[in-house]
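Each chain gets a letter, A, B, C and D, in the order it is written, and its residues are counted from 1.
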Amino acid sequence: MGMIGGGDNAFIGSIHRMAAALSEKIELCAGVFSQDDEKSSNFGLSLGIESGRCYGSYKEMIVKESKLPKKRRIDFVSIVTPNHLHFEIAEFALSYGFHVFCEKPTSLSLNESLKLQQQLKQTELSFAVAHVYTAYPMVIEARNRLANNEIGKINKVVVDYSQGWLSPEYLDTEQKQASWRMSPERAGLSCCMADIGTHAVNIAEFILQQRVDCVLAELTFSNHRPLDDDGSVLLRFRHGAKGILTASQICVGEENNLTIRVYGDKGSIKWQQQTSGTLLLQQAKGPIQILTNGSDYLCDAALALSRTPPGHPQGFIEAFSNLYLLFYKQIVEGDKVDLLPQIEQGVAGLAFIEAVIESNKTGNRWVTLSA
Amino acid sequence: MGMIGGGDNAFIGSIHRMAAALSEKIELCAGVFSQDDEKSSNFGLSLGIESGRCYGSYKEMIVKESKLPKKRRIDFVSIVTPNHLHFEIAEFALSYGFHVFCEKPTSLSLNESLKLQQQLKQTELSFAVAHVYTAYPMVIEARNRLANNEIGKINKVVVDYSQGWLSPEYLDTEQKQASWRMSPERAGLSCCMADIGTHAVNIAEFILQQRVDCVLAELTFSNHRPLDDDGSVLLRFRHGAKGILTASQICVGEENNLTIRVYGDKGSIKWQQQTSGTLLLQQAKGPIQILTNGSDYLCDAALALSRTPPGHPQGFIEAFSNLYLLFYKQIVEGDKVDLLPQIEQGVAGLAFIEAVIESNKTGNRWVTLSA
Amino acid sequence: MGMIGGGDNAFIGSIHRMAAALSEKIELCAGVFSQDDEKSSNFGLSLGIESGRCYGSYKEMIVKESKLPKKRRIDFVSIVTPNHLHFEIAEFALSYGFHVFCEKPTSLSLNESLKLQQQLKQTELSFAVAHVYTAYPMVIEARNRLANNEIGKINKVVVDYSQGWLSPEYLDTEQKQASWRMSPERAGLSCCMADIGTHAVNIAEFILQQRVDCVLAELTFSNHRPLDDDGSVLLRFRHGAKGILTASQICVGEENNLTIRVYGDKGSIKWQQQTSGTLLLQQAKGPIQILTNGSDYLCDAALALSRTPPGHPQGFIEAFSNLYLLFYKQIVEGDKVDLLPQIEQGVAGLAFIEAVIESNKTGNRWVTLSA
Amino acid sequence: MGMIGGGDNAFIGSIHRMAAALSEKIELCAGVFSQDDEKSSNFGLSLGIESGRCYGSYKEMIVKESKLPKKRRIDFVSIVTPNHLHFEIAEFALSYGFHVFCEKPTSLSLNESLKLQQQLKQTELSFAVAHVYTAYPMVIEARNRLANNEIGKINKVVVDYSQGWLSPEYLDTEQKQASWRMSPERAGLSCCMADIGTHAVNIAEFILQQRVDCVLAELTFSNHRPLDDDGSVLLRFRHGAKGILTASQICVGEENNLTIRVYGDKGSIKWQQQTSGTLLLQQAKGPIQILTNGSDYLCDAALALSRTPPGHPQGFIEAFSNLYLLFYKQIVEGDKVDLLPQIEQGVAGLAFIEAVIESNKTGNRWVTLSA
């Protein structure tokens, strides 16, 4: 793998590297980690990349790697830059025949993601989007329980993703993460909805295996910030279920509190990311059941992605590593791997962002997703 | 006290009686428990009421009790009938000089509650509304922490009240509770929003000491029911905070899951009714704090309403009994007891219901509360 | 009921009064609340007892009440004094034909409790011991699940009762509770083991329906205190299960943390007093189940003692009130009420205390209980 | 690194490999994974090891690797075989100049571990023992809080390690893990106490920075098994604190429930492995505090070993990887790394096992640890 972005101090880049390493299948062989040549090179060397493959720009990396013999060159690029570069890098890498593992959102506009989708149709390349939360085994188990009709026809979904780190009072003055996320040029149309709202809607769509049809949104722009840092969205799913989504980065005290509850006419499920190894399942009138990671009664897919026996906690890096394992499987096998978030999820995310922004701008009206 | 309603099998009537008994201040001396004379009388006798004071109608009770010598007659009536009778009984009781403890909603329409408010202004009588959740000590503590500015300027409120007992598939066919709650004649404009949505908005207003200004609501009427059994509401508070409220009686698997989270710019609080003895408090960048019922560090008001030392759980009946203690205090002392929900809260509840219904009817638009 | 002890500031006396009131069956009609005549009388009046029945000594109360016509006099006495008076008052009250509800331990020595047991055999009077924790509905449910063989042959019991309020550094200098509990004259052979260790062993014996056969104990006497404030005890039950019990009143930070876990060869149960409304049940290889108070699937006995529907928390006072309801039932019906802790449990408690003290004194050896 | 043991289906071998990979510092370059040459080789190849370095015996590996040029050869061996081989392999590897990362217990007898300690004194080689639980950041934080005197003089330690997987009824008939663990030849003097009891005592000694002085133990041998599968141990620490330890592998329903609570005269801490990312801290009379993984307020050592920001859960593999990182640091820097469990902890573990076995054999008497 060749990495683009994720230099010193970048949170998500180091997560991707650990996730890839933990996969025991993927090796970091090349990279460009900074726009500054020397910085990039030094950082790459510190990661154990050979000096000739620490590149100065993504174009250089992609072009040069493409000229290496197939056995030696990277198989795919991992894009962990700020949002505004995702699209152009992905497009470029695909055009040179590399598979792509891309941070979300896959582009700044829906249109661009649709272009990527078109481009992909003309190749046999694989494309993964880093929707890490659906790679937790207990989320896969939740999806499976719904597919097996264990909670019946879905009536209501409540998904809540609360963080506090972007709260103006809370923020360290020079926090790099925060600065690009609040820049329309680099983050795009939205901060909170793009960064975490898309995770929230994606996990709901993943578990339900149902797309959201339309949204009614209200966003908050604290202290006249250019982009939203909080919002609430009413959801209607294509098959009739209703939902309510709230996402925030100004909930002081919250760390990374993503919670989803799905209510059907026969029962319900609840999952909380911060206690990711358990899934609550309740069928009508019976006791609440706590399902745990690694247990024999889980579905095959959830069990296959549990690395440890029950009672040995796993977390975020393991989930991320599961994404890389699924992506690896898809590259090797060629066929679509069902559980891997791909360009369709990238497109869905952008459609959601654009609809939410429009609903908020036009007085909190219902807006149907364009894709 | 004289009770009206709450006969055999009625849930809330028996709670009121236990709460009054636990107060150790209030005695049940009279009552009318059924529209059937004999049933009412038999039930009253089974409660230990003397036969002459088991009445056949509320009018009979109020009129006859009013003629007893002051020392012997009841001091107040407790109204625990279905919703449609609250107003006429309250009005009648007040007109005969009795204090009133009334189940919520205080009437079927806002207009009626405003009338009660007018009527009360012309007397020195006390009037309590059964908003039990604000009588939990840890909710009082939460209000106090906000009043002391411990979490700063409030940005966001998330209040969620989920029950499952009215889910069509879940319901026992002949469940009495359910039948009147789904009858517009007896329940009024709303089922879910009136029954539990008003609790949800009331606890938010109580903790913030801030009224909701306007709402945008979407309601659900499962299986073409005449009244709502679920809904989500965007809130704007008068002083600028935003909120999101969801209430449901069709969340299969949920028992009585009322949760409120309030986020300020300095910290946040969380309270869950099902673990009512703890309050989570988090100030920016410090550890989460778990405050517990009965602890020395609580404010005086919370401590005064904690009956047991820390670690000895309390619950719903104790909270209800706290309402009766506050009401008793107000009757005895005459002055407004700050923490007691009164006609103002009754009016606020009806204003909320009417606004929510209107917003839902008119395409999920923002509607300002009329009172 | 006539109360002995429990004057101003006494924790447990007020709990007994609230529990009796909440029963809606029992009325406090007489009492002696202090050794000081005037204090006793004033306190009694403040509770609404008529002045002629506020007595100056327990003997006066028992003698005078016994001369009242049967309809007017108290049916039973409730003994809530320090430990050293339990036996003499109980013996006296029984000799005058009154039923007795007695705080634990029922006497200072095993011998005295055996005497009470003898005395009771010669009457038809009822005698209850205030082992409140077995009156929680979910503890009754646990007992029922074991009786139904849902967790199989019991191998191991872990019971832990940790409090911190007697920690020397933590204690308010003039705390009345603490002073008598550390006095051998008034508390007896033991502080911690008598006060809470007996609860711990009693709840284990109640759930297992099996007596402890022998113990190996190590006690702690912090700061050269005359009585133990902490201890750990290895248990062997008569039918072979092993157990480990630890009780402490110097665990700074603990409130009233009583926890029991029972492991059988087919499954296990866990209950924590501080979250008393839930019981965890796990059968081999299945998910953990959370059973909740008031749910339809509970056994009849547990359901009969649940006052509220699921999700409406109950606690310590409700459990205590359940004891009074069971006691009331026994008095009225005459037959032994299965779930009510009686003199047998009083005897078992003293046998446990004496065995634990002996084991600790003789170098932590195994000691068989004398009764 | 060269691995010895940990072939197909072995739980702990795969954990070590993932942990090493996640360290991003350590590469698996050689190994012997089975006593069957071909199996070993095939498995090694499947892990990506080059064929020439998939060896048929540990002696072959050590000898041959020692002859490779320093740059190419492995730096250390990781021993993940059944217990009976730990000592001989470790001794052999050290004698050839390799650092050793060894599973616990470090040998079958205390004597052997003392020999290893002697051998190590004569070299500058590093030796790590796989006490993974002390490498969780929140356990390091706990140790730090005690070192800073935040909970005062320690009075009591309660440590409980409960698993259910060895319960006879629960066990899959041909479970490989179980078979060697119950073999005295391969597991040594003890099953449960060696396997998990040593973890329990080690985490207590780590947090307190205090050794256990003597023990009083009772062990269980279900169904006449040759080795213990459950036990309870009273502990006395060298500086006076008392403790109670229970460990079991027959607690049906338990997964990997290691819990430690430490009570001082100023406060207490609690940690549960299954919710490893939080640490509860309570100082006298204040609220309970929940400290979370990755938070700014943690000590430097805890923060350095937190890979993700707060709210992004971590677990068992991360903790294991921390051990490898600490070991790597020690190898590179040469000086003793404070937090790394080393031969001293190996010796302490064996001293504990032998004392516990002796206490149990001799009628549950106090036995002082020999080292």
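Everything that follows uses one rule, which is that a contact is a pair of C-beta atoms (placed from the backbone, for glycine too) under 8 Å apart; a residue touches a chain by one contact, two chains touch by 3 or more.
If you're wondering where the values come from, they're calculated on a predicted model, not measured in any experiment.
Of all chains, C has its CA centroid at the greatest distance from the CA centroid of chain A. Between the interfaces A-C and A-D, more contacting C-beta pairs are found at A-D. Note on chain placement: the centre of chain C and the centre of chain D lie 42 Å apart, centres being C-alpha means. Chain A and chain C have CA centres that are 55 Å apart. Note on chain placement: the centre of chain A and the centre of chain D lie 35 Å apart, centres being C-alpha means.
Residue numbers of chain C whose C-beta contacts span two or more other chains: 254, 285, 288, 292.
The residues of chain A lying in touch with chain B in their complex are 151-152, 155-156, 158, 160, 162, 164, 167-170, 216, 218, 220, 222, 230, 232, 234, 242, 244, 246, 248, 250-254, 261, 263-268, 282-285, 288, 364, 366.
Chain A makes touch with chain C in their complex at residues 281, 285-292, 295-297.
Against chain B, the residues of chain C that register as touching in their complex are 11, 14-15, 17-18, 21-22, 24, 47-48, 163, 165, 254-257, 273-277, 292, 307-318.
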